[in-house]
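Here subunit A shows up in two complexes: once beside subunit B, once beside subunit C.
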Partner chain A sequence: MTDFFRIAWLVMRKDLTIEVRSREILYTTLFFAMSCVLVFAFSFVKEGRALDDAAAGILWIAIAFSGTLALGRTFERERHAETLRALMMAPADRPAIYLGKLMGVLVLMAVVELIVVPLVGVMFQAPLLAHPFQLLALLATGTLGFAAVGTLFAAMLGRARSRDVLLPVLLYPITVPVIIAGVRGTAALFQAEVDEPMVRTWVAMLVFFDAVFVTLALWTFEPVMTE
Partner chain B sequence: MSNRNFYLVLAVAVVLFALAPVLVAWAPYEATMGLVQKIFYFHVPAAMMMFVSAFVCGIGSALFLFKRSARADRLALAAAELVAVFGVVVLISGPLWARKAWGVWWVWDPRLTSTLVLWMIFLAYLLLRRYGGAGSEKLSAGVALFGMANVPFVYISVDFWRSQHPTTNVVMTLVPGMRGPFWWCVAAFVLLYVLVLTLRTRLEDQRAALEDLYLKLED
Partner chain C sequence: MDFTRLTLSDVSRNFGRRRALARVSFDCDAGEIVGLLGPNGAGKSTLLGILATLVAPSSGEVRYGEHTAREAGAELRRRIGLLAHDLHLYPELTAGENLEFFGRLYGVRDARARVAGWLERAGLGDRRDDPVSGFSRGMRQRLALERALLHDPRLVLLDEPFTGLDDGATFALVERLRGLKAKGCLVLLATHDLETVEGLVDRVAVLREGRLVEMAGGGGSLRERFRAVTR
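So, the complex of A and B:
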C-alpha cells in the first residue's frame, strides 16, 4: 500500500518537475482561462452589469475549458517523447500511475483556479469571501470530478487518432453532472441571499460523483491501457 | 438466437405492431390533453428501450474490458447504435408533444436534459469507435462504462429539481383503459429492440468471422 502511494507521488513529482522547468502548460492554460472569461463576458454583461448567475457560469466554463486544454497537453507531452509507453512498461501498479497523473493535473488546475477565481470575483462583483469554505468545497470536489474523468480519457486517447477533437467530445457529455452541480452550487453561493442547504446539496452530489468516478477510473485504467 | 426463434419473434412483433394503432385509437382520450396524449404510446416505450439499450451497452463493455469477450463488444456496439436510434425517436416525438402541451418545443427540464446528455454520450461512443483508429473499441468500452454510470446521476437530478416533465409515476397510475394499449406498445417495442439487436450483433459477428478468414488466407 505504501508502494502504491509512493509510485503515485513519484509520477506526480515527475510531471510537476517537467512543468516547473518549462511552465508551458501553466501559462497557456491560464491565458486560455482568462480568454474564456473575456469572451463569455460579452454575452452575459448588459449595460456594464453582469446578468444574475453569470459569474458562476463563466467561472465553471473557464475551469472546464482550460482543464481540457491542460489534460490534452499533459498527455501530448508524454506521447511526443514516447514516455507514456515507458511509464506503462514500468513495474508499477497501473492505478498508481493513474493516481499520480490525476494529482499532477489537479495541482495544475488548482494553480489556474487560484488566479481565475479571484479574477471572476473582481470582474463580476461575486462575493468570494462571504463563504470561503463552501466555495472551496465546491471548487475542490468539482475539479476532482472533472479531472478524474478527464485524466482517464486523456490517457486512453493517447494512442487514438484525432485525439485532440475526441477529448472534448467525450469529456463534456460525461462531466455534465459536475458542470451542473458546480454552476448551480456556486450560483446559490453568489446570490444576495445565500441558499446554504442548496450549496450543501450540490457539494454532497459532487462528493458522490467523485467517489463513483474515481473508483471507476482506478478500476478501468488497467484494462483500458493494456494494448 | 436460432433462426426459428428469430422468425417466431418477428411474427409476434409484426402482429403487435399491426394491432397497436387500433388499440391506441380505441384507448380513452386523456381529459386535458386530448389527442396529443396518444404520442405517449410511442414516446415512452422508445425512451424505455433507449435506457435499456444504454445498460446493455454498458454491461457488454464491462464484459469486454474485464473478461475480454469479443462477442460482448459486438453486442455493445449494436446496443450503442440502438441508443442513438431510439434516442432520435424520443427526441423528436417528445418536442412534438411538448409544442402542443407546453407551447414550446424544448425546455431545459432535467429529464429532457438528461435524455439529451445520455444520447450525446452514446453518440460520442460511436464517434470514437468510428474515428479513433485501431484499438478504439477498448477505449469506447471505457466510455460506455462511464456513460452507464452517468445514467443514475442524471436521473437523480430529476428528483433534485422541480420537474415540468410528467414523472415516471404516470405509467403506474394509468387509467385501466390506457394501461392495456400502453403495455401492448411496450411489448411491441421490446420485441423490435430484441430483433434489431440480434440482427445487428449477427452482422458484426459475421464481419469478425470474415476478418478472421481473410487473416487465415494471408498466412
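So, the complex of A and C:
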C-alpha cells in the first residue's frame, strides 16, 4: 500500500515540477476562468445587483471549463513523447499512476479556484466568508468528482485523434450530476438566509458521487489503458 | 519474478479491420539477441508493444517463462526495459531529473545517488542539470537508452536504437548490447541498420505485412537476406 501512494506521489510531484517550470497550464486555465467570470458578470449584474443564483452557476461553469482545459493540457504533455506509455510500463499498480495524475490535476484546479472564487465573490457580491467551511466542502467534493472522471477520460483519449473535441463531449454528460449538485449547494449557501440542511444534503450527494467515480476510475483505469 | 525464456504462440493483433500481426510464433532464450527486421509497417513496433505488455494481442499468447503478462502483472514489468521510437522522456525536466524519476518509479535503490553513474554511461555526465528539450536527437537517444536499462531488465526491447547516434555512440551501443547478452539478458531489437547489427544478432526474425516470413541465424549478409525475403 505504501508503494501505491509512493508512486502516486512521485507522479504528482513530477507533474507539478513540470508545471512550476512552464506555468503553461496554470496561466491559460486561470486566464480562461477569469475571462469567463468577467464576461458573465457584465451580463448578470445589473445596477450592482446580481441575478439570483447566478454566482453559483458562473462559479461552477468557470471551474468546469478551466478544469477541462487543464485536463487536456496535462495529458497532451504525456502524449508528446508518449511518456504515458512509459508510466504504464512501470512496475507499479496502474491505478497508482491514475491517482498521481488526479492529484496533480486537483492541485492545479485548486490554485485556479483560489483566484476565481474570490473574484466571483467580488463581482457578484457573494457572501463567501459567511460559511467558509461549507463552501470549502462543496468546492473540494465537487472538484474531486469532476477531476476523477476527467482524469480517466483524458488518459483514455490520449491516443485518439479528436481528443480535444471528445473530452468535453464525454465528460460533461457524465459529470452533470456533480455540476448540478455543486451549483445547487453553492446557491443554497449564497442565499440571504442560508438553507443549511440543503447545503449538507448536496455535500453528502457530492461525497457519494466522489466515492462512486473514484472507485470506478481506479477499477477501470488498468483495462482501459491497455491498448 | 524472473524468466529465461520468451515464447510467442500464434500472436495476432488487429487494429480495427487492419491486421498488424498475424499468427507470429517464435521463442528465444536468455543470452540471445534477436533482430526484428522488416519494411515499414511490417508490425515490428506492434510486436515490441505486445512484448512490453502495452498492447494486448487480439489472439495468441506470449509467455515470459511460465507466466503470461496477465498472470505476472506489475512484477513482470520490473523485468522489462523498452526503448521505443518515441523516447519516453520529459523535455521540461533535466537529464538528471528524468533518470531519477524513472529510477524511483522502478523502485531502484538510491536512485538519486546513482544518477551520476547513469549519466556518465550515457556520455552526458556534464549535462545533468540541462533540460532535455535542449538536447539533440542523439543525446536524447542515449539518455532514453539509459532510462530503459536503469533497472537491470531481463528482457530488453529496442525499437530503432541506433537512430541519431554518431559513430562513437553506435559503437558504444553495440558494445553495451554485447554486455547485456553476456549478462544473460534477452534482447529483441527492431532496426533498419542492418550493417550495424551484422555479427551482433544471434538470430533474425523477418516480418512482412504482419507475418513472420523468416526466422534464422544471424550470420551472413543481412541486407541480401532481407532483400530476398521482402522482395
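Everything that follows uses one rule, which is that the second predicted complex is superposed on the first by the 223 of 227 C-alpha atoms of A that agree within 3 Å, B and C clash if a C-alpha of one lies under 4 Å from a C-alpha of the other, contacts with A are read in each partner's own complex, and residues count from 1 in each chain.
The criterion applied here is as follows: a residue touches a chain if its C-beta (ideal position, glycine included) is under 8 Å from a C-beta of that chain, and two chains touch if they have at least 3 such contacts.
As the structure is a prediction and not an experimental result, all values here were calculated from the model.
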Touching partner for A:Ser162 - first (subunit B), second (subunit C), both, neither: first
First, second, both or neither for A:Pro177, with subunit B first and subunit C second: first
Partner chain in contact with A:Val207 - subunit B first, subunit C second, else both or neither: neither
Partner chain(s) touched by A:Leu87 [first = subunit B, second = subunit C, both, neither]: second
Touched partner set for A:Leu216, first subunit B, second subunit C, both or neither: first
Subunit B versus subunit C as contact partner of A:Val224, first or second or both or neither: first
Partner chain in contact with A:Val45 - subunit B first, subunit C second, else both or neither: neither
Subunit B/subunit C common contact set on subunit A: 226-227
Contacting residues of subunit B [partner subunit A, same complex]: 65-66, 117, 120-121, 124, 127-128, 131-133, 135-136, 138-139, 141-143, 145-147, 149-150, 153-154, 156-157, 160
Subunit A contact footprint on subunit C (complex, rising order): 49, 52-56, 74-78, 80, 82, 84, 86-93, 97, 101-102, 104-107, 147, 151
Residues of subunit A defined as touching subunit C within the complex: 3, 7, 10, 14, 17-18, 21-22, 77, 80-83, 85-94, 226-227
Contact set on subunit A toward subunit B in their complex: 149, 152-153, 156-157, 159-162, 165-166, 169-170, 173-174, 176-177, 180, 201, 205, 209, 212-213, 216, 220, 223-224, 226-227
